[in-house]
Every structure is written in C-alpha cells, then in structure tokens.
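These notes open a run of structures that come right after.
Shared between the two complexes below is chain A, which has chain B as its partner in the first and chain C in the second.
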Partner chain A sequence: MNIAVVGCGAVGRAVCELAGSYGHRVTAIADSTSAAVDENGLDVTTVLDRKAERGTVGSGDREHALASEYDVLVEATPTTLGDAEPGFSHAERALARDAHVVLANKGPVAERYGDLRAAERDSAGTVLFEATVGGAIPILSTIADLGSEDVTAVRGVLNGTANFVLSRMSAEGLDYEHVLAEAQDLGVAETDPTFDVEGTDAALKCVILANVLGDGDVTLDDAQVEGITRLTPSALDLASEDGRTVRLVGEVTDGEDPTVRVGPRLVPEHGTLAVTGTQNIVQLETRHAGQLNLSGRGAGGRATASAVLADIGRLP
Partner chain B sequence: MSDASESRSAYTVRLELVDEPGELLRALAPIADNGGNLLSIFHERGSLTPRGHIPVEVDLEATPERFETIVSALREAGVNVIRAGAERYGEELSVVLIGDLVETDLSDTLSRVEQANAAVADVALSAPAGTDEPSSARLRLATETGQRERALDTVRELADEKDLHLVEPLAGGDR
Partner chain C sequence: MNIAVVGCGAVGRAVCELAGSYGHRVTAIADSTSAAVDENGLDVTTVLDRKAERGTVGSGDREHALASEYDVLVEATPTTLGDAEPGFSHAERALARDAHVVLANKGPVAERYGDLRAAERDSAGTVLFEATVGGAIPILSTIADLGSEDVTAVRGVLNGTANFVLSRMSAEGLDYEHVLAEAQDLGVAETDPTFDVEGTDAALKCVILANVLGDGDVTLDDAQVEGITRLTPSALDLASEDGRTVRLVGEVTDGEDPTVRVGPRLVPEHGTLAVTGTQNIVQLETRHAGQLNLSGRGAGGRATASAVLADIGRLP
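What follows is the complex of A and B.
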C-alpha cells in the first residue's frame, strides 16, 4: 500500500518509521506547516531527521500531501472537538477519491461519526480507526469479530495519564498536585493535562465505542464526564480500607439509547479493572462469549502506530 | 386455607419512634389489629437515627396481603416505617464523598439518604488535620433488592446540591 501520513506527532512519526517493515511505502508526510511527497516512496529517515533538525518535513505544504496519489490516508493530526476539523475534511477528501482512511485522530469518529460513515458509504474506500480507542489494544477489531450486536456493555480504564496519577496517589499517599507534577516530569502527563485528567480523552474513546455499538449518533455532548482533579489521598485511603481503590472508568451501555459515563469509580483493589501505571484495560460484556478483558498499552507512538498498521493490513 | 398466597411469611419492619411514653405500644397495635403475629421486637434505646428518633425492629409473621395492610395501617397511624419487607438488605453499595462534609451538614446528608429507602450501614470519615485537603466520607448503604439505583440517584442529587465530589461504585456492582 502507498500511505500518506498527515500529522507528524509521536504516532504519525512512528507509523512512518514502521510502515516499511509491514511492507508498505510512505509516499507523503505532512505536518502542520509543511509536506514531503514522493510517489515512488519517501526516504522516511531523511524526512524525519529534517523534521527533528529544522522543524519541517519538506518544502511543500499540507495541500501537496493531500492532493498526491496514495492508497490510504493515515489521519494522525491532533484530536479536535466540535466540527473535528481539519481531520474530518482530510478523511472526507480521501474518501471522495475512493481512497481508504485510517484514523488515529479521535475527533472525526467521536464528534462526526454519522457524517464520516455517510462519506464512506458513497466511496469505494473504507474507514478504520482501531488506534483511536485503547492504543495498541485490539478493541474495535475484537468487537467487529464478535459482532457489535453481541456486545451489550463496555467499561474500561482508557486514559493512561489519569491512571498513572491515581495509582501513584493510591500507592504512595501523595496528593494530586504532587503526582501530576511528577507525571509531567516523567513525560507521562502533558504540560496541559486538562484533556486527560478532566476525563475528556476517556470520554471520547467511550463515545467512539458507543457509536460502534449503537446507531452512531453519539457525540461528546451526550457523555456524562467527571475527572479526577478533586480526589484526595484521604479519599483513596477510605476506599482502600474497604478493599477498594479508585480508577477513572468509562462505561458504555448498549441499547436503543446508549449511555456514556466517565468518572472516578470504586473498583475492587485487586480486581481486573485496577490496572496500574499507564496500562489500559477494557471489559466487554457479551451475550454469548461472557466477559472479555483486553489490556495493554493505551498510548505511545509505536504502540498506537501498531494499531494503525494493523488497520492498514485489514483494508480490503 | 391452602391457597399458596395465603401462606405466612416472616417480615422485618423497621420503625422510627419519637422518644415519648406509650409510643412503642401505639406502634405495635396496628400489627396485632390486622392479624400479624409478632415474633420479636428489638428496641434500640440509646441509639438514635440521624433524625434523633429511636429505631425499633419488629419481626412478624403474616400473609403477604395482611402484611401490606399492616404497613398501610402503621403509616396511617403516623408511625414512621423506614423499611418493610421480607428481605431487608438485598443489596449493598459503597460510595465515597469528598468535599466540605461538615459545612454541608453530614447528618442531614445521611438522614436524607435514609429517607430514600437506604439504610446507612457504615460511615467512615477522614478529615486530615493541618492540611487544606477537604474531608471525605465512605458510606456503606444497604438497600432492598432492585433499589440500588434509586439510592444512588439520591446520593448523586445530594452531592450535586452540596457540591460534594462523588466516587460511585461501578454500575451493577463490583467487577
């Protein structure tokens, strides 16, 4: 496959680096201000070295990359809310010319799922987005294999940053601000951690799951979301005395009107959901297969890129 | 009668009495008057409910129909019936509340939870001294089977009203 990668953050870069070993060719790379295009295949190392040294991937602009010839567009620009632009338009354009789209960007599938599926119906291209939920963990493909009608509920710990903070607070008795600063020093939390600690990121993933399980008209506005910023060491102690701990859990219930809730929840201290550090876990409740637990790395460039490349391998 | 619906079952009724002479007798009258067979009375004098009343547990035997009549008669007689059923504590749930629990009147919080047909089985408080950290409380609530979500809704409303942060259990219990 010839791949055009839009977005050159940790995931976009890792997709470029790993594509060759999966037998694919990167023909275009675009970041926010520049692009490199070669329809015979780019030398990925040269392009990424240039990005590291000069901050740009090439002399072209993003438009060159979007207009170039490719088989699959990898959309890895930062997640945006509301109209999910520019990610949505990138995907729409690719579908309009019958190319495939693989998303690492949560915006279009969380906020405009119906529009995206409509664009896909009019196209010979296919849209896949395994990387948007749970990073490396094969959640969406598992649901697709089971059949979404067999899955009755999904719950899980879907944000590594929030989970790191909670598991450290709980293990060390440290307060929220202290652990957050530590997480930022370690590079586990962003300088602006709002998206993670307020629950937005986990909620977007749950909204995507709700769309996959239901009619596809759920957006972030439909989710009830609470973050972890008000948790205290003494509250975690009280939970622990009762054999429980607190995790930021997202819950999606199926049905005509799927509900999405994200918030701190009491979970058994040594239970399946009490994963530690940046680990993620998803529990699927199914009609025929019982409960399935899938856990692994929910973030990180290479881990997430592996999900993008697995999607490319699944394309028709 | 051999009709199955006429068979007698044991029930526990939890009453709240005002601490006045004659109250216990007045509360028991509707039970005997309506064909209930008293099995035991546990009068917790000395322990008070959050509203300052005396809790009394009455075990009795009656047919399901008569039991309904007894509960209605108790309520008509002005006796506060906290719970009535063959199965008192069908479900339990724990929640943690974080915030200014004292300022927002913890005893009011607890008594309003109890008014929603949930018994507060256990309360653990933590208010770290010498820090700015808000206090927190862990409540263990016992509810009748099927009433879990209703009790949780009440706690959610209270938390919202009093600007307390609520850490809920998982939907449907521990996983």
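What follows is the complex of A and C.
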C-alpha cells in the first residue's frame, strides 16, 4: 500500500518508521506546516531527520500531501473536540476520492461518527481506527470479528496517565499533586494533564466504543465523566483495607441508546481491572464468548503505530 | 455463507445453532455415522433435536455431507494425533474444490501444518483455525493482524481443566486426586483426563502457535511436555509462602526453529498468568506493541463456536 501520513507526532513518526517492515511505502508525510511527497516512496529516515533538525518534513505544505496519490491516508493529527477539524476534513477528502482512511486521531470517530460513516458509505474506501482506543490492544478488531451485536458491554481502564497516578498513589500512599509532578518529570503526564486526569481522554475512547456498538450518534456531550483529581490517599487507604483499590474505569453499556460513564471506581485489589502503571485493559462482555479481557500498552508511538499498521493489513 | 459442519459435538452443535444469527446458512451437518444435507439451508433445530433424541442427524452419511455444495467446511471432529485423520482429509478435500476451511479440530494444524498449508496454496480457499487455540480468545487473529514477524514469543495458560485443578488445589490446600474427582463430578474434567492433565492439549495449542510463528514444521513430538499429576499440596504451599503459585504454562519462543515447552511453572500469585478456574490466558511478546495479554473462556461449545464464526467473518 502507498501511505500518506498526516500528523508527525510520536504516532505519525512511528508509522513512517515501521511501514516499510510491513511491506508498505510512505509516499507523503505532512506536519502542521510542511510536507514531503514522493509518489515513488519517500526516504523516511531523511524526512524524519530533517523534522528533528529543522522542524519541517519538507518544502511542500500539507495541501501538497493531501492532494498527492495514495492508497491509505493515516490521520494522526492531534485530537480535537466539537467539529473534530482538521482531522475530519482530511478523512472526508480521502474517502471522496475512494481512498482508505486509518485514524489515530480520536476526534472524527468520537465527535462526528455518523458523518464519517456517511462519507464512508459513499466511498469505495474503508475507515478503520483501532489506534484510537487502547493503543496496541486489539479491541476494535476483536469487536469486529465477534460482531458488534455479540458484545453487550465494555468496561476498562483506558488512560495510562491516570492509571499511573492512581497506582502510584495507591502503592506509595502519596498524594495526587505529588504523584502527578513525578509523572510529569517522567514524561508520563503532559505539562497540562487535564485531558487525562479529568477523564476526557478515557471518555472519548468510550464514546468511540459506544458508537461502534450502537447507532453511532454518541458524542462526548453524552458521557458522564468524572476525573481523579479529587481522590485522596485516605480514600485509597480505605479501599485497601477492604482488599480493593481505585481505578479510573470507563463503561459502555449496549443498547439502542448506549450509556457512557467514566469515573473512579472501586475494583478488587488483585482483580483483572487493577492493572498498574500505564497499562490499559478492556473487558468485553459478550453473548456467546463470555468475558474477554485484553490488556497491554494503551499508548506510545510504536505501540499505537502497530495498531495503525494492523488496520492497514485488515483493509479490504 | 453456506456452511457444512462436520462433527456434531458441543462445538459443532453450537456453530449450527449460532450460524443463523451471524447471517450464515447451514447446508450440511454430519456426525460420525449420519448426515443431514439441504442445499437451501437446514432447519438446524429439527436436525439437532433428532440428534438428541435418536442419536443421528439425518438419514445420509458423512460422505453425503462432504460431497454437498458449500462455501465453508467447519471441521469439528475430535482431535486426533499423528496423521490427524479423518480431519485432515476433510480439510484437504474442501480445499481441493476451492472451498474455505475453518478448523475447531487441532489435529491438522498441530500435526500436519505443512501439508495443510500446501493444500491451501493450491486452492482458492483459505484455512483459518482460531478456535483451536484458547477457545473464544482472539489469539490467532491478533497475531495475524500484528504480523507473525512482530511476535517474538507466546506464553500462556491454555488448558482450563488443568487450571481448574491447580487453582482449586492452591486455594483449598487439597490434593490432586481429590480435586480431579471433584472436577470430574462437575463435568470440568473428562472421565479420562489424561489429555488435559498430562499437558498434551496445552502442548498441541503451543505447537499450533509455533507453526503460525515459524516455518510450520513443528509437531507434538518436538514439544517438551510435563503435566500436573505429580504436583503436591506441599509444593503449592511452598510457592504460596513466597507469594507465588503454580500454573501449567505453555511457552513458544520464536525463531527459525521455535521451541515449545509445557510444564508447571511458578508465577506471581496475583500476576497476570495466575488466572483461576477454567480461564485461559495468552501473553504475546511483540517487537513493536509491547506485551499483550488476552484472557477469557478457553473452551465451551458456544465460546469456541464464536471463534469459528469470527473466522468465517474474516474469510476473504
């Protein structure tokens, strides 16, 4: 496949680096201000070295990349809420010319799922987005293989930063501000961690799952979301005395009107949901296959890129 | 898809029962002595009721089912070792007429993988076999999506009966014979449990994984296998004092010459591998996606049938 990668953060760069080993060719790379295009295949190392040294991937602009010839557009620009732009338009434009779209950007599938599926219906292209939920963990492909009708509920720990903070608070008896500062030093938490610790990121992933399981008209506005910022070490101690701990759990229940809730929940201390560090886990409740538990790295450039490349491999 | 189901045990029956809800049509059902065939689609309930009441599925014989028109042959006859017959010939014959084959029978993929892949190469049909490893757990599809080159090792608990016995011995301090008898009473263990407790079943699953990861010439003879029959409560106590427990763990390491080992192993008491009851778990070590943990029901008619139906959905 010839791949155009739009967005040149950790995931976009890792997709470019790994694509060759999966038998694909990167023909365009765009960041927010520049682009490199070669319809015979870019020398990825040269482009990414230039990005590291000079801050731009090439002399063209993003429009140049979007207008180039490719089979698959990998949309890896930052997630935006509301209109999910510019990611949505990038995807829509690729579909309009019958190309495939693989998303690492959660915006279009969390906030404009119905619009995106409508654009896909009018296209010979297919949209896949495994990388938007749980990084490397094969959650959406498992739901697709089982059939979304077979899945009755999904629950999981879907934000590594929040989980790192909670599991450190719990293990060390430290308070939220202290552990957050430590996580920021380690690069596990962003300078502005709001998106992670307030539950927004986990909620977006749950909204995507709700859209996959249901009719596809759920957005972040429909989710009940509570973060971890008000949790105290004493609350965690209390849980521990009862053999439990606290995790930021997202839940999606199936139905014509799926409900999405994210918030701190008591879970058994050694139970399946009590993953530690930046791990993510998802539990699928199914009609025929019982409960399936899938866990692994929920973030990280290479892990998330491997989900993008798995999607490319699944394209028709 | 029009499906012919050969083998009418728990898995074959559940495939027949669920096929309609996945949009497929069962056009032939065969057990060891009889068959029902209707190229317009069988009334599955009538056929299975007859099986329950009279011990036969219809007035035809298995040959009648094998010679009928179908798109996919579901091979769900009991696993046999060595030449893997008659399962292997059923699969070979379906491929020879360019039909697809979905296996629930481990024999052909554990003992004659190379022969089966050779038959597939000469056919327009595809062979899939998710149900042969870990029941409902999406192990082989995850490996296929990641690319088998990305997976460097697999380790897991792949036999529910052995795990039930070990986790009960561990939790209750009871001896092997006692817990085995209990498992037999509950229907978790067979009257002759050799296949499960000696590690053969787990080893076959690991051999299949080794074939998928490597060159495909591994058989049960290449596996180092030790069962759980000699484990004592005192060995489990000793492990427990050290915060560990014992599980029957299968391991496959990658390489041109993959190694397969199955045996009792010390694992952390609350660690990921210490699943309880009849649960199965698989850990995939990958180059790019880190470690992925997949757990769920490793056996059972409906759970295993859901893997067969997921495979049918993945057929090209």
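Going forward, the second predicted complex is superposed on the first by the 316 of 316 C-alpha atoms of A that agree within 3 Å, B and C clash if a C-alpha of one lies under 4 Å from a C-alpha of the other, contacts with A are read in each partner's own complex, and residues count from 1 in each chain.
Following the convention adopted for this analysis, contacts are C-beta pairs under 8 Å (C-beta built on N, C-alpha and C of every residue); 3 or more make two chains touch, one makes a residue touch a chain.
It should be emphasised that the depicted structure is a prediction, and the values quoted were computed from it without experimental measurement.
Trainee: What is the contact status of A:Thr45 with respect to chain B (first) and chain C (second): first, second, both, or neither?
Mentor: neither
Trainee: Give one of first, second, both or neither to describe whether A:Gly147 is in contact with chain B, with chain C, with both, or with none.
Mentor: In the superposition, A:Gly147 contacts chain C only.
Trainee: Under the stated touch criterion, which partner chain does A:Ser59 make contact with: chain B (first), chain C (second), both, or neither?
Mentor: Neither chain B nor chain C is touched by A:Ser59.
Trainee: Give one of first, second, both or neither to describe whether A:Arg314 is in contact with chain B, with chain C, with both, or with none.
Mentor: second
Trainee: Please indicate which partner A:Thr194 is in contact with in the superposed arrangement: first for chain B, second for chain C, both, or neither.
Mentor: In the superposition, A:Thr194 touches no partner, neither chain B nor chain C.
Trainee: Counting only touches as set out at the top, which of chain B and chain C does A:Thr33 meet: first, second, both, neither?
Mentor: Neither: A:Thr33 stays clear of chain B and chain C.
Trainee: In this superposed model, does chain C or chain B come into contact with more residues of chain A?
Mentor: The partner making contact with more of chain A's residues is C.
Trainee: If you stack the two complexes on chain A, which partner ends up touching A:Asp237: first (chain B), second (chain C), both, or neither?
Mentor: Only chain B is touched by A:Asp237; chain C is not.
Trainee: Can you list the residues of chain A that meet both chain B and chain C?
Mentor: Common to the two interfaces on chain A: residues 272, 291.
Trainee: So in the complex, the part of chain A that touches chain B is made up of which residues?
Mentor: Touch list, chain A to chain B: 155, 175, 226, 230-235, 237-239, 241-242, 244, 246, 249, 251, 253, 261, 263-268, 271-273, 283, 291.
Trainee: Report the residues of chain C in contact with chain A in the complex, numbered from low to high.
Mentor: By the definition above, chain C touches chain A via 14, 18, 21-22, 135-138, 141-142, 144-147, 149-150, 270, 272, 286, 288-297, 300, 302-303, 305-307, 309-310, 313-314.
Trainee: Hey, which residues of chain B end up touching chain A in the complex?
Mentor: For this pair, the touching residues of chain B are 94-96, 98-99, 124, 126-128, 133-138, 140, 165, 167-171, 174-175.
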